[in-house]
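There are two complexes below, and they share chain A, which is joined by chain B in the first and by chain C in the second.
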Partner chain A sequence: MQEYFKKIENRSVKIGGAGLAALAVSYFVWGEHFYRSYLFGYLPWAMLTLGCLAILLLHHLVSGAWGHVLQRMSESGSRILAVMGLLFIPVLIGMRDLYPWTDDAVVEASHVLHEKAGYLDAVFFIARSVLYFALWTAMATLLRRWSSKQDDGTDRSLTRRMKIFSGPSMVLFVITASLASVDWMMSLEPEWYSTIYGMSFIVGSVLTALAFCIMVLSKVSGHRPYSDILTSRHAHHLGNLLFAFTILWAYLAFSQYLIIWSGNLPEDNFWYLRRTGPGWNVVAVLLLIGHFFVPFFILLSRRSKKELKKLYVIAGLIFVMRFVDIYWLVAPAFDHESVSIHPLDVIAPVAIGGVWVALFMRYLGQVPILPLHDPRFGEDGFHIHDID
Partner chain B sequence: MNAPPIYGLMAEFDAPEDILAAAESARRKGYREMDAYTPFPMEELTDALGIRHTTLSLFVLCCGIAGGLIGFFMQYFTSVIDYPVNIGGKPLNSWPQFIPITFEMTILFAAIGAVVGMIFRNGLPRPVHPVFNVDRFELATRDKFFLCIEASDPLFDRDATEAFLKSLEPSHVTVVEN
Partner chain C sequence: MAYKYHVTEGENVAPLIAPGHDYATITDKISGDVLDRKTPRGMMITLAVSFLFVLVLIGAVSYLFYKGVGIWGINIPVGWGFAIVNLVWWIGIGHAGTLISAILLLLHQHWRNAINRFAEAMTLFAVACAGLFPILHLGRPWLAYWLTPYPNTMEVWPNFRSPLVWDVFAISTYLLVSFMFWFVGLIPDLASMRDRARKRWQKICYGVLAMGWRGSARHWHRYETSYLLLAGLATPLVVSVHSVVSFDFAVGIIPGWHATIFPPYFVAGAIYSGFAMVITLMIPVRKLYHLEDFVTDRHLDFMAKVMLGTGLIVLYGYLSELFFAYYSGSEYEGFMMHNRITGPYGWSYALLILCNGLIPQALWSKRVRLNTLALFLISIVVNVGMWLERFVIVVTSLHRDFLPSSWDMYTPTIWDWATYVGSLGVFVWLMFIFVRVMPMISIFEIKHLLPWKGRIYDTSADAN
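Let's turn to the complex of A and B:
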């Protein structure tokens, strides 16, 4: 399995390195398009990282057998938060290209933005982002440290400590991640607002991370020690979770649409008018089918959830659709009229993805691939007894 | 009535591993019409008994689709055909408004279909079952494990099946009267 991680890491380093070089060159070629593409390339991977943290917190809270097999992946994924904080710097540099509220003339001309100026302030924005990354990195680091210490098998109190730590952290995570979604994504169209947006962002993040972890798990499932403990029950649990989050995503997305469609007020319906205009309506229908109906009907059947090989395909589809969804959320803020996919819109996510996957594989290779001496799980990866 | 004279043959075991092994061998021998009765649920028995995918899930899916269609067209009928009212200049067929009820009806019909379908597929309501004719069967709710091969199985042969069950070393083999 170590060779597999190494192989993927080397490949990702090459892709990430070439991508970053291409990104740096294109800054001088397509300067005016650079930051918006960078933001689009950054967001799906940031959401994947946050989703890993959410899964980790959830696992320590509820201790399911499904989380036991994903624990090291979610730890490795959330460990990348520190690097994601560094990769956020270009967004801060390009703030004036991205966020209309940074322009005083725009704020002065709009009563709504004038009222929001206290929150949508450049210095406050930077301070908030720094705070988010500091809190998230602290959560991820502490949980990873304690979990590594637990691997020694000497300190039996760590399991309980991680559980107690995860409760308040989960609350803090939901609040900060909601605010981050408002800051980074919603304020691209600062006059518009939706109160369900933060929850949509979090559910989308978890769905991204779940799909990614299922894909990795399926790839390594034939290797020891996974091959010793993985059963169709694990696959079934993970398939059910993927199913639940797919439905939840659709539920939240539709709730937001229904409310705005019913109200039909010019203050907020322009957001959907942009996203269902010519070109974008095709993307919207693609999301409806590819992000909801296809995974929904496939995951409805028990047989498709019992095998990791089958789940791999569905998780792959969902993972790709996450990028389409984020593109549909972000890009119409800049391209009001039509869809025009810029070369940078492909280079940016590939470059950041290369870095992300390389780090993920490196971190994953550094730790025992299954948590050791976890009193909650027996040799077969299922519960022996619960702690409280 | 041309019901078979007996319902089947029942073997009693003392341990969960024994009944699991017994069910495995009975399945390998070719028996299909059989059931196991245990004091607690044993997931592994489903595979050991060779219980295949039931048609219940297909029935529930059809109920769900029917519920969705009924839910949607009920609203379509009332607001487009039977009693059209212009609300806020919205089109009469305001389908986004219909989705929540369509969804709820899908769930409702699927859930009712699952419960009712399960009851009928299990042959319920049925006031009494032949297995209760075996006196020792009440131990199935305490600490004994029972495997019953039913007479309706094409391979069932009173003497051969009894000999087979005895070869599994149960503590008792009893004839289940109809």
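Let's turn to the complex of A and C:
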């Protein structure tokens, strides 16, 4: 399996390297479009990283068999948070191109923006982002360190420590991730707000990470030790989880839409008007079908959930749809007249994705692929012991 | 497929059923409590007191029908008042039953087997209490059927864009599915009761209700299938009913109501209050009937954890309301929050944060979760807090809206209070009658929790 990780890592290094080079060159060619494409390329991978952290915290809290087989992936994924922090720097540099509230003239002209100038302030924005990344990296690092210490099998108290640590961390994570979604995404259209946005962001992140991990798991399921312990029951649990989060995503998206549509207030309905204008309405319908109905009806059947090979296809679809969703959330903030996909909108996510996947595979190859000496799980990978 | 499963009782994990029980002692204990045991004195007192409150409700409603809704404190702008506060509160309480029965079943949380019957009964009675209020609030309750769309000579149809009509569908579906779920789950136990009853009238009553159950393999097979199907049907209802209830507010455009977070925040609040009510009722009933062997401290611990988790989501809702009141940059949103905290009803907001946000944080400590008295008190605090939450949402948003000329105060009258405590009386009374005549713990399901039972064949694993 190590060779497989190595192979993917090498391939991703090439893609990422070429992508980054192309990105650097295009900065000089398409300068005015650079930052918005970069932000779009950055966000899905950032959400994937955050989703990994959320899954890790959730697993330590509820200790299900599904989390056991995903633990090393979510640890490796959340380990990338430090690098994601560095990759956020271009967004900070390009702030003036991205966020209208950085322009004093715009703020002065709008009563609403004037009211919230204390929060939407460049220095405060940077300080907050630094704080988020510091907190998230600390959580991910501590959990990973304890978990690899547990692999030695000498300290039996670590499982409990990780569980106790994850409770308050989850609370902090939810608060910081919600604020990050307001900062990074919602404030692209600074007059607009929706209170459910943070929750949608977190659920979307978990869904992205879940889809990604299921794809990786399906690819490695033929190799030992996975081939020894993975049963259709694991697949079934993961499939149910994917199903649940797909529904949850749709539920939150629908709730937001219904409330804004029926209220029809000029303060917030423009956000949907921009996203259902010519061209964008096609994307919206595509999301409705590809992000909800297709996965929903396929995952409704038990048979599609029992095999990782089948889950791979659905998870792949959801993973792609996550990019479409984020594009639909972000891009109309800049141009809602028409859908014009700039070459950079493709280069940026590929470049950052190459780096991300390369790091993920490298980290994954460095640790035993399943956690060792976890008292909660037997050799068959199923939950056998409760810990208090 | 076969795989290993060990129920470990070891080290520091308590069993889900006290040692020393087997199939026979479980059936004896649970059915005996209904069939053989003399009604405990505490039970008689509770029934008598709660019946007094039932009489209070009957009195209050009779006077209401005679005089009209003017006897309540409602006015313009606060046209909803206690009626909607109580509706939402009662509906919310019902949610724990559905969550425990349906979602925890699908999630393979077997500890639920000890409390599902009790919680489902609670759901039914809570929804019944909830349904009372919108009908009473109509002013002409005998025309309540106008809410249902049916072809009529007047060609009058309800407004399908109104969430109040969605409520009619959501709540009546909920009541129906909850009732079926509860009754289907009862059938095998009703047959046990029929077989063990000694008096003829008891045999006839339980026999009729058991619908000819003989416990054959085919019966069990059909039973398991239908039970799972009903669980699947009930699961979306846990989310949909309270989401629709939240639309009652969110679809309005008043500051404090027009918030997109309302659906998930209401659902979490519903489960929060529901678990609080299960704990509030279970702790005294467990004591009265000496059920500590079946509803162990570990069960209470699990329920307390669910309460803590959902309580944190509710707290997230409060924090996000505060944050977005500022971030919206809207003077109306800002004023709404300012008025909520420092206005004439500021006391209710402060109490709400204390009851729902601060005190329940004690549940982080295992010591508190395992202290029955502390848990009981916290659960009551949460019940009060969740009632206050609805009061705050309804009254503070309505009484001062955009135009100061239309502002007014809302003061509930004695009749508001009488109807409310009366509904509490009905709820407790029905609950205790249920405990007296039906097995309050599912006899056949709790047997799965016996430690030597080993791995249960988990049908739910294959079905969903």
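Going forward, the second predicted complex is superposed on the first by the 388 of 388 C-alpha atoms of A that agree within 3 Å, B and C clash if a C-alpha of one lies under 4 Å from a C-alpha of the other, contacts with A are read in each partner's own complex, and residues count from 1 in each chain.
Operating definition for what follows: a residue touches a chain if its C-beta (ideal position, glycine included) is under 8 Å from a C-beta of that chain, and two chains touch if they have at least 3 such contacts.
Since the structure is predicted, the reported quantities are computational estimates derived from the model, not experimental observations.
After overlaying the two complexes on the shared chain, residue contacts for A:M199 are found with chain C alone; chain B is out of touch.
In the superposition on chain A, contact of A:R302 is made with both chain B and chain C. Shared-chain residue A:L265: touches chain C; no touch with chain B. In the superposition on chain A, A:K6 makes contact with neither chain B nor chain C. In the superposed three-chain model, the partner touching more residues of chain A is C, compared with the other of chain B and chain C. Contacts of A:V112 after superposition on the shared chain: chain C is touched, whereas chain B is not. Of the two partner chains placed by superposition, only chain C is touched by A:E191; chain B is not.
Looking at the shared chain after the overlay, A:R145 reaches neither chain B nor chain C. Using the contact criterion defined above for the overlaid structures, shared-chain residue A:T231 touches chain C, although it does not reach chain B.
According to the touch criterion, the shared surface of chain A, contacted by chain B in one complex and chain C in the other, consists of residues 258, 262, 302. Contact residues on chain C toward chain A in their complex (touch as defined above): 1, 3-6, 8, 12-13, 161, 239, 243, 247, 250-253, 258-264, 312, 316, 319-321, 324, 326-331, 334, 364, 366, 461-464.
Residue ranges on chain B touching chain A, taken from their complex, read 53, 57, 61, 88, 90, 96-97, 99-100. Across the complex, chain B is touched by residues 254, 257-258, 261-262, 264, 300-303 of chain A. Touching chain C in their complex are the following residues of chain A: 111-116, 119, 167, 171, 174-175, 178, 182, 191, 193-199, 231-233, 236, 240, 251-252, 255-256, 258-260, 262-263, 265, 267, 302, 378, 380, 382, 384-388.
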